[in-house]
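Chain nomenclature is as follows: A, B, C, D, E, F and G, assigned in order of appearance, with residue numbering initiated at 1 for each chain independently.
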């Protein structure tokens, strides 16, 4: 079981090792795989709970797709919005901390959605309440504080993809 | 004009101001933050002086380990320097 | 040819990133309180660090004059780009939560503060 | 150079033995094991240093250079052991062995002995390394090794208020002092372009080029002045000469007694050693013109500081009621004598300083260790509360008295001869005032010592003392040290003539030191 | 705050003025156009396959100096760090870290926890890469150890020290692993003379490559990759030692004050 | 002109470095709080280290002391040694940084113990408490 | 224009922008007013410095200098976390 769990962690380690070294000589390949196995053995139990999901290629494809979408479209829109506010002489901000409900289940998806929200300028997750399934988001432009608006504006976009990746 | 010297002078001036504030600041956590700024400025200076090895060893120690240790210490002791 | 394309694209990304950086710094100075400044800081870290790092790695991959070590430079910038993408949100979230919990910063001006209403960070 | 491996082996072997020790703490809890381990290590160090001493003074008869990694001097680090280094290394190792034996008894019932021994080994490695090294930067590293071990040992009694406070003061200012020495090294490297002592010595005496390090690159006169000033400040801190003495009366008494003995007897002597190295070997009165002026100015200043520390410390000795504090002040006084004498710039002065160094080391270690026994029995360090405890411990009191008499200078003992030598050196240099300083501060010290002896032995006991059986574990080092005091006294004329004259000859002929380094370059440089 | 800022700015202005004056007066700035001869020796011998008797076989000048030319400094530098740790351990002697306080182990929020978990394997890869390329690119044992020390420190802060106890990293284990690293360094230091004793050839303490009159050498190549003899061994052992050195320090620092006071309280002061 | 400006900038950095050394020494000796003293001490050692690096620097275009080619020809080695900065101060500083760190960590532990015993980190109060 | 001078020119153009941004961040650090503000500014400054270090490495044509950037990113995060933990009003090790 641990062996299967090791694979994604070891792959991550190996990739980081090789990219960081910037070489593919035999020396690096051998030592890189040794390091990967070593760190995979140490940290697999910590990182991965379901060994079956971790090896699914479809999820990785969705991850790549989501990454591209997120890094181009979502980020671009958010940046333009916040930059407008910064350079606007009157600085039209309308900030507040709002509840934003979420519907994803496991740890990875919750955290990925939260990080995605924080990484887009304009919204920052201040707190995460797992009991009531709410993010508390500091939003630079509160359109309306009711759960429906916040969900539509902040969470929905990311949740759609994250569900496909992690659940 | 050489970019190295310009940036070096700038980094050292940043470090000077940060050092001064770190020494005179009464609130110790703020002093720690200022000393971290000084360390980052020194890091840039060391980088510009072409000493990557030193950067690699200096940065963890002064940005990470000193502030952490001093924060542990402040947490266990007192936060504000008495006048 | 491919080198030129990579370098030019990288240069554009780098330039955009630098501008984002400047605007983020400007926003840091203009915005009224800590929680709003968080957004300017996000512009500074994601727009101002992640994208230019990708740009820098493209420049490095295209720059033949760096020799064998161009892969090393590109790899470094890629790794740091993904580290920043991963670490920056966690860091600012932790700071925001701690600031709200310790009441170090006021949340004014504000429209609404649901977190305060629900009893704050436990 | 496989013949001279013992030169290079001594400090690294000590530190390696310290490295291994924590492994045992995982599965051995018995104190006996660690006692034996420390004994083996210190005995090994004594054997090695004694062999080195024999090698340098009697076999090769010139400084021996051991290149680490096979790199010739200015490139790599070398241990360059001349007679002075061998002398310092030998008595350090000998006294450390005594201290280790004494510690066995002293640490009974104390927790943390394994860490204590580790730091003690580190301390010894640091001191021997300081004496042996031929590289100015390596001296900095070794100073830090011994300083860190000393800080750790001073705060060994973690629940004692004064120990922790003294450790704080000592470590804070000690760190500044070593950093100041580092800045001095930056100046030296910036101008001389080298860190090897022989190389600097050669260039400061007008030598033009040394292999590998080439020509002088900077303004060596200005840099030497700055470097000398800074490094002298650092070393006077380490050896507690007056403006920088404030930490010693706190730190030395607060440490565990064997450590007090090591600190007072040996660690301050490392500062003395470094001053001698810098003022005689690296620079010197025979340097090129502006530097030699600086050196003679520094020497004059040191004479004044030494006189001040002798007078101030002896005056303060009288008012102390804490026995260990009294002894610590006496250390400052004796360091004052030594510093005056070594700054005279004469052969006789050097001989007197070296002789007094070893006498004081032995005497002070003996004094501290005997006092430690009495303190442990009396349960207090206050002389008033210790009254009469000496009556129960005759042998210990005997060694205590012997140490006091030697430090005060009674004829058959070693202290007499070294004071005589000091007196002669002072008169010889035409500074009769200094002789007055010697006499006055000795008189003050006598008062203090009489107070000590009176309180400990002649005064009637005010309370019952229990647990007063004398034990051989501490009597062995005490008696050995006392015997060596007598021995040193008896053999004084021969010792001065044979050994000390040789050392001072070598010190006044620094080109011998340079040539030894140069010859190893010829062997290794190809 | 305002007054301090004004003082700081005037300080800066003073520095600028003094610098301007000193520039007019001939200048004391560090504009060296050439390095010292000794530096040239280091730079030209650090990797020179044509002179096998006089080279460190490492393209990294600083690592070569640190572990080969001036290896003794570094050995004792490690000793300083070691003794500092022993001093800290001695202050904390007999203070058990295994006592769990009620209400402990909360840590920071879930987001930070998960990101930190993900950071661990990446960080291990980066740190070991710095160590294993210490002889080729900037870096080395200490640098890698300092980068690796992020892991235990951040785990203590983010998860709490009980988490480290859960994954079986205690003070004793860290001390043992650190000692193994140090013994490895010491072993590499003495290996040349041990081999020399056995085989009868001449060699020096801390020797790396062949020297005049000392034919012992660590292998400089592994296959066709440069491993620079003993440097890679030193770097690896130093990585182990430094990582766990920092772990010990922060494991000790993170013990709750109430626990420490309770366990130290019974001890009286001694003479 | 360009060298004059360079010289000015280099002087600015050198003099600010000296000012930092002065300020941090003031901090060590004059501030009453031990934590402040420790912070000042770290800055002091850092400044000393940077001074050493500055001594080993050379006018640009200069390179770090790392040879980029693993099979260098003699001409490459000659070029390398005529462009790279001085590696020796860097190695010394590497040692000094670690040593300073070790000492500072020990001092932090001692300060913690001091607080446990005295209940304060103000040196004036510590002195008064001891009497 | 050959590639090398193109790259140099592009980087030279961005350097003033970066430097201005640093000065602005530094002003925020000086102004404060609270600890989180300063730390946030330090954070942003350090993450931007990561870029700047790599870019300068390319500009100086020393391709091994950028190895330092990753470590800066790592430790800046660690610094954030320490301050955040400090502000959480619990002991650091809990």
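Note that in this section a residue touches a chain if its C-beta (ideal position, glycine included) is under 8 Å from a C-beta of that chain, and two chains touch if they have at least 3 such contacts.
Just so it is clear, the structure is predicted and the values come from calculations on it, not from any experiment.
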Chains touching both subunit D and subunit G, listed by label: E, F
Greatest separation from subunit B - chain, by CA centre: D
Higher-contact pair (C-beta pairs counted), A-C versus C-F: A-C
Subunit B and subunit C, separation of their C-alpha mean positions in angstrom: 22
For subunit B paired with subunit D, centre-to-centre distance based on mean C-alpha positions, whole Å: 37
Subunit A-subunit B separation of Cα centroids, rounded to whole Å: 32
Whole-Å gap between the CA centroids of subunit E and subunit G: 24
Shared interface positions of subunit A, touching two or more other chains: 16, 20-21, 114-115, 125, 127
Two or more partner chains touched - positions in subunit C: 24, 26, 38, 67-70, 72-73, 76, 79, 83, 86-90, 92-94, 96-97
Junction residues of subunit F, two or more chains touched: 6, 9-10, 12-13, 16, 19, 38, 54-57, 59-60, 63-66, 68, 84-85, 88, 90, 92, 94-95, 98-99, 101-106, 108, 110-113
Chain pairs in mutual contact under the definition given at the outset: A-C, A-E, B-E, B-F, B-G, C-E, C-F, C-G, D-E, D-F, E-F, E-G, F-G
In the complex, subunit D residues that touch subunit E: 1-2, 5, 8-9, 11-12, 15-16, 18-20, 22-23, 25-26, 67-71, 74-77, 110-112, 115-116, 118-119, 122, 125-126, 129, 137-138, 141-142, 144-145, 148-149, 151-152, 155-161, 163, 193-194, 212-215, 217, 257, 375-376, 379-381, 523-526
Complex interface listing, subunit B residues touching subunit G: 3-4, 7, 10, 14, 17-18, 21, 29-30, 33, 36-37, 40, 43-44, 47-48, 50, 52, 55-56, 59-60, 63-64, 67-68, 71-72, 74-76
Complex contact set, residues of subunit E against subunit D: 36-38, 41-42, 45, 53-54, 68-73, 75-77, 79-80, 82-84, 86-87, 89-91, 93-94, 172, 175-176, 178-180, 182-183, 185-186, 189-190, 193, 196, 202-208, 211-214, 264, 267-271
Complex contact set, residues of subunit F against subunit D: 25, 28, 34, 37-38, 41, 44-45, 48, 51-52, 55, 88-89, 92, 95-96, 99-100, 102-104, 106-107, 110-111, 113-114, 117-118, 126, 130
Subunit E partner contacts - residues on subunit A that touch it in the complex: 9, 12-14, 16-17, 20-21, 25-27, 31-32, 35-36, 38-40, 42-43, 46-47, 107-108, 110-111, 114-115, 125, 127-128, 130
